[in-house]
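Every chain is named by a letter (A, B, C, D and E) in the order it is written, and numbering of its residues begins at 1.
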Amino acid sequence: MSQSDHHDEHANEHPKLGFWQAYVFSTDHKVIGIQYGLTALVFLFFGFCLMMLMRWQLAYPGQALPIFGSLFSDATMPGGVMLPEFYNSLGAMHGTIMVFLGVVPLAVGAFGNFVVPLQIGAPDMAFPKLNMASYWSFFAGGVVMLYSFMAPGGAANSGWTSYPPLSDIATAGQTYWLIGMIFLITSSLLGSVNFIVTIIQLRVEGLTYMRMPFFVWAQLVTAFLLLLAFPPLEAAGVMQLMDRLADTSFFLPTGLVVTGDALQVSGGGSPLLWQHLFWFLAHPEVYVLILPAMGIVAEIIANNSRKPLFGYKSAVYSLIFLGFMSFIVWAHHMFLTGMGTTISAFFQTTTMIISIPSVVILTVFFISLWGGRIRFNTCMLFALGFLPMFGIGGLTGLPLGLSAADIPLHDTYYVIGHFHYVVAPGTLLALFAGIYYWFPKATGRIMNEFWGKVHFWGSIVCMNMIFFPMLIQGLAGVSRRLYDGGASYEFAEPVLHYNAAMSHAAWLLAVFQLPFIINFFYSIWKGKQVDRNPWQSTTMEWEAPSPPPHGNFDTPPVAYRGPYEYSVPGAEKDYTPQCEAAEV
Amino acid sequence: MDKFWGMPDIASAHGAEIDQLIGYVHYLMFALFIFWGGFFILTLIKFRGSRPGPANYAGAKGKFSTYLEVVVAVIEAVLLIGFSIPLWAKRVNEFPTQDTNVVRLVAEQFAWNIHYPGPDGVFGKTSFELVNNETNPIGLDRDDPAAADDVTTINQLHLENDKPVIIHLSSKDVIHSFGIPEMRIKQDIIPGMSIPVWFTPITEGNYEIACAQLCGLGHYRMKGYVTVHDSAGYQAWLDEEAALLAEEEEGDDFWE
Amino acid sequence: MKIRVIMMGLMLTSVVFAGEITGVVKWDGNAPKMKALKMDADPVCAAAYTGDAARAETLVLGEGNTMANIFVRISSGLADKTYPTPSESAVMDQKGCVYHPHVVGVMVDQTFLFKNSDDTLHNVNVKAKENRGFNLGMPTSLRESEQKFTREELMIEVKCNVHPWMKSFIGVSSHPFFDVTGEDGKFAIKGLDAGTYEVEVWHEKLGTSTQKVTITKDESKAVDFSFSMPSK
Amino acid sequence: MGDSVEDIKKHVRTYVMVFVVLLFLTGVTVGISYVDMGHTMNIVLALVIATIKASLVAAYFMHLISEKKLIYYTLLIAALFFIGLMFLPTGQSLDPIHL
Amino acid sequence: MLIPYTVKPRPDTGLINSKLGIWLFLASEVMLFGALFSSYILLRVNSVDWPVGSTILSVPIAAFNTVVLISSSITVIMAWASLKMGNLSKGRMYILITFLLGLTFMCVKAYEYNTKFHHGLFPSESTFMAIYFTLTGLHGLHVLGGMIVFAYFWGPGAKMWKTEPEHFTNRIEIVGLYWHFVDLVWIFLFPVLYLL
């Protein structure tokens, strides 16, 4: 009451914080965002390294890995030759790390944290201490996941989906995986509560829901997905922990015989229960990966085509609908688990329905370009690259969503190709776009354009070389998660030769990340300095100084109009910022 | 149109229908991709930044995008209602009842145990307590009269051409997935459940069973062999197995 | 100096002239016929047998019904001390999709070498209970793998998941006084001091039986065992 | 919800009444669980009483009866997904492949 | 820098941040326990024979615990009401009582677990015991969490009253909402596990 009214007077006074409080245990959303971002980028690189190791084995099954091979222990790669268990570990951990420790923390943790409060004109997140707890919980989860590589028997090796009974009887790494996941789930629950409250409560005056930038909308819907979809996985995780540690049999039916010995458990469980709970999370999780990417792309496309987003409202409604529907399509991952007609028809129908809002959003982006004055700078290239790549990813989802067409395609490389198109050249390109776009806001400096373009063209070409052949291999019927890439099977013979080329492309992709890494660090210290709004953008984050101080804005801004008022007829300049007072 | 691009040759009666659906979906995908891609490239060239004049605040006009979305929705509905749901219903509901071969398949890490009912056409009882991996991998109860003539093999699935076969899938340990690419058949095998699949082989020859669900370190080579015989060949094979079985009967079964 | 020479002399005598227990293990009654293993599950395995099929090794008999694959050891009577670990390694090969040998003895901490001589994947699923159990995949790229067992365990079952019929046993002993019979059924346990010992023989299906033997210094004593078909 | 001391006192009376009803309903649940009314009926009754109790707690103790719309929407979404999660998995086990 | 709407509600939503926050958290808790209840239903529907809870578990003990939790719900709301009326010492007393009721609940629970273990009934015994231990265990952890928060607000946390009484009252309301939810879960657990 009287206390709080006085606060505004010294709102901008900040005692100097020590190193630990300012950079490590910070409660400032921008520092936390950057912490998330850097940690996630490290994890992305780590997950990518796991994949490159796997690609060696797929390209040259059973051959010793030169140079690096000798670095590995005898339990993983004796003589530099990978063992099947280690391959399975790499596969499981690649998936887990990329999704839960790489892309989501980058898309939600980093961009969400850094950009959302700025875009809605807030001084910080609603609960700064929770925000810090969220990061450190994520960090702890990451450490547990990494440590699991040291566990006897290696890291989790039952796939990122951890289907029981395999995961119930797997080596100790699976227990670490579960504990790590519980940390990550806690982190994202804390984070999502924070995001929703921040967006709903801390919007500045005048920023109505329909004036929020599309990115904020995307984060809001994403936060709801995380909030409501993760708890079932937590429940499933607890049950699997019980199965592993307390010998219960939630996921173990009666009468299992493992390697000739009857399993000594009470039985009566259901392996399908895990799949339901897992996919109840993991399908919305797909949209957690995509929606923030779409948000970033919307910002960048509007900015660089210098015109408003076409059909902003329909895109927002599609977004909400997409989020809602994503909760009731999960069993399309389970068509082949003995599903009858009724239930499969239900899930096929919801799956087809959910494709419509995706089409709407993509169409919005395409049509938004029409009539613009498109600037082809690096972030725009990445955002434009997202569109066709996500298009392929989305379209290849269609045959998988129709249960009859799914029969031959289920669990083949077609599936791998499909979701990698969505997540890798799709989401990742958008995330790179975001990094190039908001880099000046975080550092006050801009990244080098030339090397950015090298990074873009190298990445998009290599990614297609990796993922397109997967679709072909999948149509030929090659199963996923094969240690020798399918060399055991005669029917796979005609498409095996792609493996080497795909692997070479993967390693080349690593080379093309070097310009990015160097550019990134060079630009932090030596990049060209720019003013607070280098892209001449309309949204509010660009009103704050670069980098924004603790508390963000010099004076709390007020929103007077929608987020994308570019090239307003009759205006002096081709952009009219959201918080520029109307000339009345 | 029989099979879609790069898919293996079809060896089962229903395969063509599935490939037809996959083909149609892909044509829709190609059409959309080419249409969008064309529009995209055209837009990028036409509205590049170096062209003269300002951006157009109003942007594109007309209801074109709505029509496009409606068309996509309609095509999807047709694929769904006209093809996928009926095809699926045929797979899971309309099992042939007469003149079929019935086989049980028990998957384990990392082998396919196949159980034929023998001449009497009745499967002997099995129990997980009787499982002995060396000699009795499926736990067949030889005391059951129906079990006496039952034939079991590991990784060898023999089928009769042009005759529907129903395979009851079950698993001893973890989830496996039974797939024969040429037959356009795939079914996850869930421990604790017995899930039937059916198909009609239409081409004699040798095929492979591939495990499609990660089941452990040997998943990559959990391979089975399928042989499709003509009727005479199938009968000959059954006779041969019966003879082998008779020879085995002489052995002492204490060691099982 | 002198003392060392005497010590070495003593150690030598104890090796060369110490007591010994030998014997033969035989099968009583009709020899049952073992089942042929159907190896068509893996063509690589099937190709290894052109003539006779491999048979289950649950019971392997030699001339005169002598029993192979019997693990023989001193189960009690030994002084409570630690024995040096042999430097050479115990070996189990996977050849023709069968384990060679079917039963192996190894001392605690002695290296144990698993070999894969087949051109196919094997996985050594060591179902140890006292020791750390492990499941080691041995694809064709991994021909040999050295392992160690750190605790006494009698007997450890070893299986191959890829080829369900493959099975073998490892006996991990804390002392060096054990042997495994060959097809001639013979065993010999050497280097024993004078004393009364219990000799235990083990068969995978028929369990164990023991006999007490007393030997004096430098004595060699024979003790025979026999197994027969148990009543069903 | 009023904030004055008088209002609060009035609320407190409501809370105590709800408390008494809850105690009573707990007694009823335990009581009828000893009466055999057929398996299904017993389950239905026990769940109905539990739902009534839960609604009382939510409505009065948690003030849901006079809460803001935003909270209703949030809970409505959660409730919808909750129902989906509750019954769809069971749906699959009731709709297997029919031979 | 000050975060707005921590004490005064935002005009258009009518809510303070923490209240919206706790309700969102509770929504996620609904999904957590919902998933477990869903598992319960699925396992039970697919089971061959499912025991009647009262034949294995003690109904009187659980009924007593139900009463304890319901009572703690009323004490926590009395704590809030007292603070709202400006009476800190009464508020703290009610917080303490709530804490002690929570402690009673946990002690009874511990006793109950202990008897089960003594009878050789472990989670590995059957799917019923597994779900019983998992559900009550997870619920117990929630009770424990609430107790820690109450202990904090009774002790060091109460200092806030001197500077920001309204903020402190809000905090008790928020933790109260959580506590009621824990109570609410138990109201379902009791019949589902013990009676049916």
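Throughout what follows, a residue touches a chain if its C-beta (ideal position, glycine included) is under 8 Å from a C-beta of that chain, and two chains touch if they have at least 3 such contacts.
Computed from a predicted model, the values in this text were never measured in an experiment.
Undergrad: Which chains are in contact with both chain A and chain B?
TA: Correct list: C, D.
Undergrad: Please find the path from chain B to chain E through touching chains that uses the fewest steps, and give that number.
TA: The least step count works out to 2.
Undergrad: Would you say A-C or A-D is joined by more C-beta pairs in contact?
TA: A-D
Undergrad: Just grab the chain with the largest centre-to-centre distance to chain D, centres being mean Cα coordinates.
TA: C
Undergrad: Could you put a whole-Å number on the gap between the CA centroids of chain B and chain D?
TA: 46
Undergrad: Could you grab the centroid distance between chain A and chain E? Build each centroid from C-alpha atoms only and quote it in angstrom.
TA: Between these chains, centre-to-centre, one finds 34 Å.
Undergrad: How many angstrom lie between the centres of chain C and chain D, each centre taken as the mean Cα position?
TA: Roughly 66 Å, centre to centre.
Undergrad: Enumerate the residues of chain A that touch no fewer than two other chains.
TA: 83-85, 200, 228, 232, 259-260, 269-270, 272-273, 276-277, 280, 337-341, 483-484
Undergrad: Name the residues of chain E that each touch 2 or more other chains.
TA: Expected reply: 13, 15, 20, 24, 27-28, 31, 34-35, 38, 42, 46.
Undergrad: Can you list the chain C residues in contact with two or more other chains?
TA: Each of 121, 123, 135, 137, 159, 161, 164 in chain C touches at least two other chains.
Undergrad: Strictly by the criterion at the top, what is the full list of touching chain pairs?
TA: The complete list of chain pairs in contact reads A-B, A-C, A-D, A-E, B-C, B-D, D-E.
Undergrad: Touching chain D in the complex: which residues of chain A?
TA: 200, 224, 228, 232, 270, 272-273, 276-277, 280, 324, 327-328, 331, 334, 337-343
Undergrad: For chain A, which residues count as touching chain E in their complex?
TA: 1, 3-4, 7-8, 11-12, 14, 122-124, 126-128, 189, 192-194, 196-197, 200-202, 227-232, 234-236, 238-239, 242, 246-250, 265-270, 273, 276-277, 280, 550-552
Undergrad: Report the residues of chain D in contact with chain B in the complex, numbered from low to high.
TA: Within the complex, chain D touches chain B at residues 96-99.
Undergrad: Note which residues of chain E are touching chain D in the complex, please.
TA: Touching chain D: residues 13-15, 19-20, 23-24, 27-28, 30-31, 34-35, 37-38, 41-42, 45-46, 54, 59, 63, 66-67, 70-71, 73-74, 77-78, 81, 84-85, 176-177, 180-181, 183-184, 187-188, 190-192, 195-196 of chain E.
Undergrad: Using the touch definition from the top, list the residues of chain D that touch chain E in their complex.
TA: Contacts found on chain D: 3, 5, 8-9, 11-12, 15-16, 19, 22-23, 26, 29-30, 33, 42-43, 46-47, 49-50, 53-54, 57-58, 61-62, 68, 70-71, 74-75, 77-79, 81-82, 85-87, 89-90, 93-94.
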